[in-house]
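For clarity, chains are labelled A, B and C in written order, and residue numbers in each chain start from 1.
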Amino acid sequence: MSLVEVDSVVKTFASRVRGGAPVPALRGVSLTIEEGETLAVIGESGSGKSTLGRAVLRLLDVDEGSVSFDGVDIGSLSPEAMRAKRAEMQIVFQEPYESLNPRLSVGAIVAEPLEIHQPQLGTKEVRKQVLATLDRVGLPGDAARRLPGELSGGQQQRVGIARAIISRPRFMVLDEPTSSLDLSIRAQILSLLAELQEDFKMAYLFVSHDMHTVEWVSDRIAVMYLGEIVETAPTRQLFATPEHPYTRTLLSARLSADPRERHAYQAFAGDAAVVDRAQG
Amino acid sequence: MPEVFSTPRSQVFARLVKQHKAAALGVAFIVLLLLASLFAPLPHDPEATDGAASLQAPGGDHWFGTDGAGADVFSRVIDAARIDLSLALAGTVVSLVLGVILGLAASTKGKGSERLVRGLDAFQAFPLLILALALVTLSGHKLYMVVVAIALINIPRYMRLLRSEVLALRESRFIEAAIAMGAPQRRITFRHLLPNVWGVVLVQTSLTIANAIVVIASLSFLGVGVSAPTPSWGAMIRDGSGNMSSGEWWIATFPGLIVLLCVLAFNQLADAIGDTTARSHR
Amino acid sequence: MSTEPNPDGLVLDVRNLKVSIDTPDGQVHPVRGIDLEVRRGEIVGIMGESGCGKSTTIKGILKLLGSNSHVTADKIELVGQADLATADNKTMRAIRGNHIGFVAQNPFGSLNPIYSIERQFYELQKAHKTGVKKAESREIALDMLRGVGIVAPERVLGGYAHQLSGGMAQRVVIALATTLNPGLLFADEPTTGLDATVQAQILDLITGLVKDENRSMVLVTHDLGVIAQYCQRAVVMLAGEVVESGDVMQVMVDPQHEYTKKLIGSVPKAGEKLSVAR
């Protein structure tokens, strides 16, 4: 049994325009994530990758299919039981600042999961754990008293990570956690996430559009295209021998920072979306 | 909930005073006015009339002159602040509390909230000032009815404000983060939603006080609410308006000026609060 | 562009460019004296992280910064045209579009939301040339749109910016920027925020337009891949200064400055440790 099992999940959003056609975001998605592994979901805008991340955490309800965590169908859990389960399954968002309550101090933000899931802990113990967690993600102890707006983007993301790991989750969805960060900060955050995974044996669902990041971070990759997973393969294999034409297109669009490595962009033949775009 | 890490309330006050001199001046004016009306010895008894001293121009003994009955306009203007401002504040507090509670109720998903909003639409279709007038008159000029009248006019405004703010906030990432960490609804409301709407609520509150001062003045101008001989600005303006044409301008002008300054002060304060909270947001 | 003899093929020669900006908290200095040379047919990439002054540099040269900014330089010579360091607003308006085309990061910010695309082509041409006929402007616009790979240019021309996808809108902006046939293009993060597949198409397109017409381009980006794959020369900026510049092969393969090394080391490479020195 895998830690996370997603089975034939379908999710359709109502159109934003009144009377518009409903928008299918997930069209029968299945995947599994093993204890301690990183599965990357890669895709472009509109592929449904972020929707998938939220469906796996039941941050939105799916129309069809099921998501199991540790053998339990989380769609069937009562709201109470689901809330308790959330200690074990966490998320780090793309927008570090927007994901933090601007009115709460960093310490209060990071303490929150403990206050919710371990109300028996005394103030002293909570304080101790918060400071230890801040230290673990590379933030100085005096950050606890600051407001999120007083920190840099990289530090804000560290706060988001501290909040996610303090309840010792076994699984985290990382929704483009480094996309809005500068290159050198991105490297720090990626390294931190890799270390934390090692230390706490967490499984990651790493949602990203960046091939370089995904190649570095993941054990396996699922390629999403228009709400479907078109290919899943171990990372090295996917980069060496991509099966699906869309995967090949994505790989060819990669821009290596080494000028000696060149890929010519290959358009995806029969790609409805690309033709659509070219038509405006 | 014990606070493990206290959240700095960012020195809002110090910054307010420094960067918003007009607002600070306004607040000082209001505070002074209130203190004076409550504690300061007035030069004359505001309710005492003296036929012999009627219609005296400002100067010497009577700084703001005297009215037709010979009462000291200055003493009356200051004394009126006690009743007019207290009524305005009371009305605002009632509007604030009920408006926020109802506004929160109107900003959840579901049928009940929708019905509440539709009821609100219907209610606001009434000419509320006229409704208020009728209510106060029918109650036999009970002062608490003035408070009710102010609440009737302002509760819908709070509700709409709360609803639009909370609905927008519900979409924000940090609320999603709170849900993802397993926070119960109560915690989300009180720890995440409400603290982030206080800024706009405070702005609205300042504007509500200004509005309430005008409503009270309008009611007493029409002879409703505060009744003679208790001084109130609206009634003083009405009493003095007849004298304007015959040259005794001071009777209506000074209370009018005070109303104007009060409204200005609270509007400035609203601007300053809006400015400060918007900036500390990012 | 003028064709006067110019042995170096130098198109743009910037010396000691400084930009300072007045803010409520005092003056800041995003660009602190940089040199920049651009030769004919060359694509120069300016790279660096946010706040390094790379965008401010090209906006400063074009005088597109707000009135609270001060741009000074020993010279900003648009070779054969003018010294932009001392040019007045009128000259700058003529230079922009005619001699230097500008492609900004957010195409929707560059397009006017309430004018049709056709009208925007017309306004652009009218601003630089008197007596432009609408029909003539339309023909040119159709040509330009075809040139940027738009399959149904008539449809795009009649539409508005909000009807376009990000990639399409950027194509339209590129078409507009090249309509007056400038010899030099400035592109400020032209593909940031676009999908990788769209990014590759847009970069292929814009660099093709530069090569085919023997134009030159200054390309500002935070993406080292864009520098490595599309530029001939690289300029590395840090805190308003140039820390390293040279041939792309040299800068990206054998960087000399510590900061450049750190940046290149920050690009995730499978199986290798990331450079996380702070």
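Please note the rule applied: a residue touches a chain if its C-beta (ideal position, glycine included) is under 8 Å from a C-beta of that chain, and two chains touch if they have at least 3 such contacts.
These figures come from a predicted structure and were not determined experimentally.
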Fill in: Per-chain CA centroid nearest to the all-protein CA mean
A
Worksheet item: What is the chain whose Cα centroid lies farthest from the Cα centroid of chain A?
Response: B
Worksheet item: Centre to centre, by mean C-alpha position, how many angstrom separate chain A and chain C?
Response: 33
Practice prompt. Compute the distance, rounded to whole Å, between the mean C-alpha positions of chain A and chain B.
Written response: 48
Discussion item. What's the distance between the Cα centroids of chain B and chain C, rounded to whole Å?
Written reply: 54
Fill in: Footprint of chain C on chain A - complex, ascending
44-45, 182-184, 186-188, 190-191, 209-213, 215-217, 235-236, 239, 249-250, 252-260, 262, 265, 267-268, 274, 277-280
Worksheet item: Within the complex, which stretch of chain C touches chain A?
Response: 49-50, 149-152, 155-156, 159, 163-165, 167-168, 195-201, 203-204, 222-230, 248-249, 252-253, 262-270, 272-276, 278
Fill in: Of all residues in chain A, those that touch chain B in their complex
57, 59, 82-87, 90-91, 93, 95, 97-108, 111-113, 115-117, 123, 126-127, 130, 144-145, 147, 149, 160, 163, 167
Discussion item. Looking at the complex, which residues from chain B come into contact with chain A?
Written reply: 1-8, 10, 172-174, 176-184, 187, 191-192, 195-196, 280-282
